[in-house]
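Shared between the two complexes below is chain A, which has chain B as its partner in the first and chain C in the second.
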Partner chain A sequence: MKDERIKLGVSLYSYQDEFFRRDMTLKDCIEAVSDMGASGIEILPEEMIRDCFHLTDAFVDDWFSWMEEYHTVPVAVDGFCDEKGLWKKAGHVPSLEEAVAVQKRYVDVAARLGCKYVRTQIRDMDLLRAMIPYAEDKNVILALEIHAPGHVRDQINMDWLNVREQTGTRYLGFIPDFGIYEHKATPIIMRQCIRDGATAEIWEEAEEKKAMGWGWDEMKAYFEPRCRTSGDMDAVWRVYNVQPDDPKDLLEIMPYVVGFHGKFWNMLEDLTEESVDYAPVLKVIHDAGFRGYINSEYEGGRHMQDTGEVRGVEQVRRHHAMMRNILEKL
Partner chain B sequence: MPEFGNSVLCEQGFRNVSEEGRTTGFQLRVRISYYRGIALSILDGYDIVVDGRKFAPEDVSFSLDGKTFIDTADFGKHPEIRWEYGDKAYLHVKCPGGLERGIHDVKVTQRIAVPYLPFSTAFYQEKRLTIVQ
Partner chain C sequence: MFDNNVFIEGTCRNVEEGGKIIGYEMQTHITYYRAIPLSMINFIAVETDGEKVPAEDIRFTPDRIDWFTLAEMTTVTGIKWEYDQAATVRVLKEGGLSSGTHTVHLTVCTRTAYIPVPLEGNMTRTVEIR
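Now for the complex of A and B:
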């Protein structure tokens, strides 16, 4: 089957509303992935596993029994960069050892849960170098997310590639996030800006000026005197910040891509995403022979929790239906 | 930004608190308005408004177990205390005499220093909650 070349999974982050409302347990979330015929499981341990940095044998047994029961595969753990925040207010600058200790926890969780890679937010090259031997020892790849408003060719990604080359390690990779291909500011977030006080006219005008190719300095000079509410400038900034990447740039890093975040905000009833055009990107990565996982990452819910019940499971189902539609034709 | 329609501010646990027979303030119970558990030192603080009355940050204290309270100004001193996602913490607010029995408009804004963002993020929730005692 053609669509078996690219594998589909879900970052359980997508089900955060159901999980937080206690409509679904972690096991229910895994079942929801399996129910679509998908297999990849990506998890934020700090969201869905109690005392996640001290995993019990009983939990790990449950985890693997769920994988077996639902024919799913542990793929990724999402880590953060808390070393930047843990001691900030106390005025303490963490030593390299302290930062390494914070980051090792994610590698440990990934190793115990059988995940192949950690989504990491490490942007300090000394910390990154210090983490490599540990990642190698635990057989877990450290992967940097390429997230909007960033782009594939950003310096930080080149820095990572340099470290990879200099050290000769195979344990550094990338996770491009489909949010970098957003072609307009998602209406889900813009409507939230409006509920927070921005005006619809400013939003529309910002889209017009950006389409005319205005730079940020021009945008700022024009809109600042025209903004009537505190939310207006935020809306202008959000519109301007959507600068879609060229999918072909992926070819430069494709050998090091360990997986994708299938970021989306709003799946429409015609099975298209409101602000990201998936087809051209899927074609590029399909043609390049990518065989890893695209894990859906639904983020629209976070921006509409004040308007009604968020349906993460349904949104992800539509997202998978869309990706299958596109992949089956490639 | 507004967050989580229902579950951050809890109906249960909204009550007056007394010390040595005198009502010294009131209590709220809250969950983390974010998508994961965090160390307390990542929290910046809480802004609490009841019926339009704003309470000063120094009048708000925080507890995970309802017994040991820390000043919200001291969050930075506790990187070792982890607040698990979904657990209900206690906020105590100094307010001599407490709040009257009945319905109150409560707005709680949680400020958090998300480590990958350059600014403090404020999530708020507004609810009408009832004081029974």
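Now for the complex of A and C:
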């Protein structure tokens, strides 16, 4: 198999609609990954595991028995930056200790589930530094997601690299998300914005201001008073988000990339993605010798729930078929 | 967004306590894709027959064990609303809803630090009170 160098997995986030409808249990989701011939499992503990910060031994036993049964591998846990939101409405600014306590929980879950890294949203360098000894102790890498509308060369990523260098730790890495290569506002989302009342005028004006190089703060300040519907503001955000990165920039950080999020919104029947061109990116990372996992992350579902049944399993199946087709030719 | 998660069909009913109808309630799922502590719920709003329910008359519980006012929820960081858990929104109103048909609109809005647009879900249901 030519594509052995790059491994394919799934963020179970992709199956959230099936899980929510109770069509599939967590075990079924893992089986679905295996069923396509993929092996990597990424999970949002807060999505699919009840009381996930107090895992029972029985659950952990089940988890590893499923990995064995389906020949799958725990790869990643997705963490969030709730320290910024937990006390916001109460007006309390969390101390560093409080923020560390929030973040340690994700490292703990990852360690117990046998995952090698946590997708983290930590953007505060003091918090990051404070977390490093804990991550090292638990043998779990903290990986910053490079997510749209961000880019590989953003200052935040350079800050991470500086901390990595200064501390000499091997426990900091990156997870680039394929959404940073979105080359046009995803049709499935724009159609939803229109259903939610977005107007052509707002959409056009957003495209105009973005082309002028406006940042999000400027966009927000200008459009918020002008938007009349939730669809309007969402359309502005979506238009702003389209800032495709240059895949070659990945070469600068590739030694520190622990995995990718194979973000996609809509796989068409001809096995193409509507707004992300995977081939050039896969070529860059293949040629650079990347050997980790690309975990599919289907995000179109929640933008079409009002029009029909979301089929995450089928979408991911097409996504893997597309990636295999591309990888086999490299 | 996540409109389909909001206001589970067939769950709206009057609530009786101590022989008196003290209000009405309905069940709903979260407008998000994961569990969050109650302090991260941006707001919950109810509009019945075109009339907005005052925020102070709303009570919320994720588990039917612990009940909170919306103001209390802002400091509840230790109790989570799980992704697939049907929570209850109760409106305190003496006598509840009268027998017959009513139009009840529920809004659930969550907000997290990394998404600039709040995740607001809305659902209107025509409910039959007997």
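Here, the second predicted complex is superposed on the first by the 291 of 330 C-alpha atoms of A that agree within 3 Å, B and C clash if a C-alpha of one lies under 4 Å from a C-alpha of the other, contacts with A are read in each partner's own complex, and residues count from 1 in each chain.
Following the convention adopted for this analysis, contacts are C-beta pairs under 8 Å (C-beta built on N, C-alpha and C of every residue); 3 or more make two chains touch, one makes a residue touch a chain.
If you're wondering where the values come from, they're calculated on a predicted model, not measured in any experiment.
Colleague: Once the two structures are overlaid on chain A, check if chain B and chain C clash or fit side by side.
Modeller: Aligned through their shared chain, the two binders clash on chain A.
Colleague: Give one of first, second, both or neither to describe whether A:Pro133 is in contact with chain B, with chain C, with both, or with none.
Modeller: neither
Colleague: Classify the contacts of A:Glu47 with the two partner chains as first (chain B alone), second (chain C alone), both, or neither.
Modeller: both
Colleague: Return first, second, both or neither, reflecting whether A:Glu309 touches chain B, chain C, both chains, or no partner chain.
Modeller: In the superposition, A:Glu309 touches chain B alone.
Colleague: Considering only touches as defined above, state whether A:Pro280 meets chain B (first), chain C (second), both or neither.
Modeller: Neither partner.
Colleague: Applying the document's definition of touch, where does A:Gly37 land relative to chain B and chain C: first, second, both, or neither?
Modeller: neither
Colleague: Have a look at where A:Asp82 lands relative to chain B and chain C in the superposition and call it first, second, both or neither.
Modeller: Both chain B and chain C are touched by A:Asp82.
Colleague: Should A:Ser230 be classified as contacting the first partner (chain B), the second (chain C), both, or neither?
Modeller: In the superposed model, A:Ser230 contacts chain C only, not chain B.
Colleague: For A:Ala90 in the superposed arrangement: first (chain B), second (chain C), both or neither?
Modeller: both
Colleague: Counting only touches as set out at the top, which of chain B and chain C does A:Arg195 meet: first, second, both, neither?
Modeller: So A:Arg195 only meets chain B here.
Colleague: Of the residues on chain A, which ones does chain B touch that chain C also touches?
Modeller: 13, 16, 20, 22, 44, 46-48, 50-52, 80-82, 84-90, 121, 302-303, 305-306
Colleague: Touching chain C in the complex: which residues of chain A?
Modeller: For chain A paired with chain C, touching residues are 13, 16, 19-20, 22, 44, 46-48, 50-52, 80-82, 84-90, 121, 216, 220, 230, 233-234, 237, 302-303, 305-306.
Colleague: Quick one: in the complex, what on chain C touches chain A?
Modeller: Listed in rising order, the residues are 1-5, 29, 33-37, 39-40, 42, 74-75, 77, 80, 82-84, 111-114, 116-117, 120.
Colleague: Mind pulling up the chain B residues that touch chain A in the complex?
Modeller: 1-7, 31, 35-39, 41-42, 44, 75-77, 79, 82, 84-86, 113-116
Colleague: In their shared complex, at which residues does chain A touch chain B?
Modeller: 13, 16-17, 20-22, 44, 46-48, 50-52, 80-90, 121, 192, 195-196, 302-303, 305-306, 308-309
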